[in-house]
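Reviewing the structure listed below.
So that you can tell them apart, the chains are marked A, B, C and D in the order they are listed, and the count of residues begins at 1 in each.
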């Protein structure tokens, strides 16, 4: 049996001395101030045991990691109709490119590029009574943790500088694939991305993806088939244009964010979250990628 | 000597019976209501004589034709520095595509695609005390006609539905190539496009392009070299992705607008404007293109 | 325990009455003559038991399925250096597009688009004494089946009409990423694609991918890590621009070919091959996709 | 009246001391050996007077300049049907990109990108009895100069290293827009590009473009309308993705080649050729561009 505590401590030691920790995201002013030396890993296994090391309990901005949670909520509400609004194919392009949107009539390639997540936000905005409040409740319930909250400063920070996202949303709207007011949808989207969570909390929130749709408390949020499908999208699209590389090196479905967090999971085995704010050239956490690669190598646990 | 009156009457007769007049632009609600059967031509020659036929005195929304006037004003203000903000190459793409913007770091291909004209509007917004008022004065002075005005209804109509332009402006802003507030720049841009002018007025306004920078009243608005250069951009970029076709069939520098107007000119000889609201698949006036083709064929006057 | 025989018979019955079987590939004349009603499934489980139904023993042109075998041989020879010649990212584009090649300096996106497989063929051509003979031996050994052979008619048929592949190879050569003579490399590549195998034989040949690199006879062809990595590429890139869809609907690493074959596998559990010559719009076997979707649904076996 | 001799001598003096002469094309081995300091200008005016300076009588490889002559011959043979095989729009892309070909079903953007010139070569190959011989005769007749010839060494040099052109030709063939054997068409195309001519000879050969289709000896090779149309294509497409810049700075229809030659003309006035082997980043002669810019500035003669 895998001794996760031993493994993650070994990983943390091996990465402790790494000098090149990548570059902290600077395009969101609030994120630029984060200490680059922060590092945490947390693993929750299928039996609900948890294992942590480093800054695993410190909250950080989960950013794009939130896209897995929003698409889960939208999938539960809309079922397969959701895929008429957004596709499930890898984009093959960096995460902020609009080119494909123009070629493909405003149907984003997948729900994990910004354009796709904005369409998902629009879906939720149409179906939730109080979008910001209801999405937050959803995340709190899934993670069984009422302390999770938006970081208003970060959310506002994005509203002010998120020109590419405003561009994407308006371009999609020009094709008729956004139903609500663009400003409303983006305000909701930026709040969703501003969620502040720790590695521990993230493994609790993502537990249902590795557990056939059921959270740690046994509540069903997705059918088993739906959970599998979101895992498939995470594997093929969860890491911008480095998705192939992550599948190749790590071999787990997962989702990263520019706040430096990554969550990855092995169905029916474990869910792991890492946090290290420095990013590589493709926008994924440099040490987080390495840590997860070591995790699958040392444990021999991967989907392949 | 060319008898322009005879020529344009002949053209008008030959086009009178054409059944397929193209499609009136519908994306701006106010434009969609225009009568498709309207048709006018007006020619002003170098000696200041004017020749008209049909609806040559009825005002219509000049839309993108205004881009030639705004780039002239910006060129006069900024000189060659303007070309650091916008390039002078044909785009090879339809007029609303954002793809190239991403590849080329927010420097639009030329001042006649929407993205380029928005950058030009930003330049004017930075340098004019009262942008909307001052640009309108500029056009009135150049055309020597105080009756020219914005069409507020059309301007507002664009603000509401111009999602692609909002997308373009925000994308450019994300690359740092827009200095002012995006909403302010677009409000100015939409007003500029809403200018209502007749064929006659357009030939007066464009007279200085064919006259080495001097208007009909002899005032100098551009150096001779600057006038030539804008003529060159009109020839290579004035007709979206049909610029080559227009040069090939007509052989004159010119600029078209989705309101169905076209202005074209032969340096030191004449300036001609046509209006027919139905557009071809590339967004240029169907009958206007034919009329100008006949004009150069019948008179033997073209730059080539 | 899964009764594969029962499951695949159920699948075959359910698909028997499907009328729309897609379109048989016509661009290779020899393939166009295949009977559209052919249908076979074969499963080999980890314990070496085999289960077949329909035309599971009839040979067909495996085409692109061969790319998984050639990349395995090249990976074993060159190790991680192989990935300097070809990347591991999904292309997001149809299987025959050259555009990305130009943007990315002749490094194909992954070894499963034609451009990438041609680079792999070039690697093998440089390292094998007798490329065609040695690659064939490799496949025969892995599958433990001396009856496997090239179909010369098909190979020649491709040489004559493979203009896009000739274009791709020359474009890559222009970037210096092909070492040998283009004609030699393509002749080898077309032979490799012309391999004729049955569903049964394909599950034997792909057994080592699901068995940590060891074939049914226990010979080691890849390290466990290498086998996992090729599985990862199959999952993210094995189905042209339908890779996301296949991961989403089926949830197994796999590889398809325009001959109508598909092989898919669940590590340490089973390897399955289907054959139905009719293709969908994206070039994958229409009934094969459905059969594999049912296989994972009925057995509950998938990597997610 | 313009004293061309004085003007070109002044230009030659002003450019004599320029240190940065660009980079000699190296991709064709035979071209790489040319002396970078060579420089010549020749002007032939409408009255058939000639004016030369520097190396105006030394032959060099005209390369892409030949495309204007081949499209003239094909236009005379096929008439407007030619434009079903190749378009007349600027490409907006560097001269060797294949991307647009894929998007536009094998119809090249214009006859001056390599892909378009290869289609033109295919047209001539179909219609000429002895393509290489007949095209050479055509050029000799037009220029009234039997000494003009192919440079076999250069032609062979291109056959060996022209991988991008082979790629383009095969890609076009895959769309059915090349009728003949690809190797035959390319052999003809490479010969055409290998033509060795001096500045003086080039102005003689291009005289008919500026003279309504009639050569210096008064023979008619194109209708007046056809000559104008090729001039229009030269203006919008004659300088790769620097066509807009050339129109903007120089304001004449023209055609450049990687051998360092440029021909430009003002209808009914003059035809000028320059030669300086060093190229700028876009593949056009660095000093040639400057010389022609000065020519239009000093004489005030341009189409705008």
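Descriptive notes on the structure:
What we mean here is this: contacts are C-beta pairs under 8 Å (C-beta built on N, C-alpha and C of every residue); 3 or more make two chains touch, one makes a residue touch a chain.
No experiment lies behind these values; they were computed from the predicted model shown.
Chains that touch both chain C and chain D: there are none. Averaged Cα coordinates give chain B a centre that lies 55 Å from the centre of chain C.
Centres computed as Cα averages put chain A at a distance of 47 Å from chain B.
Averaged Cα coordinates give chain A a centre that lies 32 Å from the centre of chain C. Among all residues of chain C, none touch two or more other chains. Those chain pairs judged to touch are A-B, A-C, B-D, C-D. Taken together, the chain D residues at the contact with chain B in this complex read 87-93, 100, 109-110, 225, 227-229, 231-233, 235-237, 241-245, 247-248, 251, 253, 267, 297, 302-304.
Of all residues in chain B, only 97-99, 102, 163-164, 166-171, 173-174, 182 touch chain A in the complex they form.
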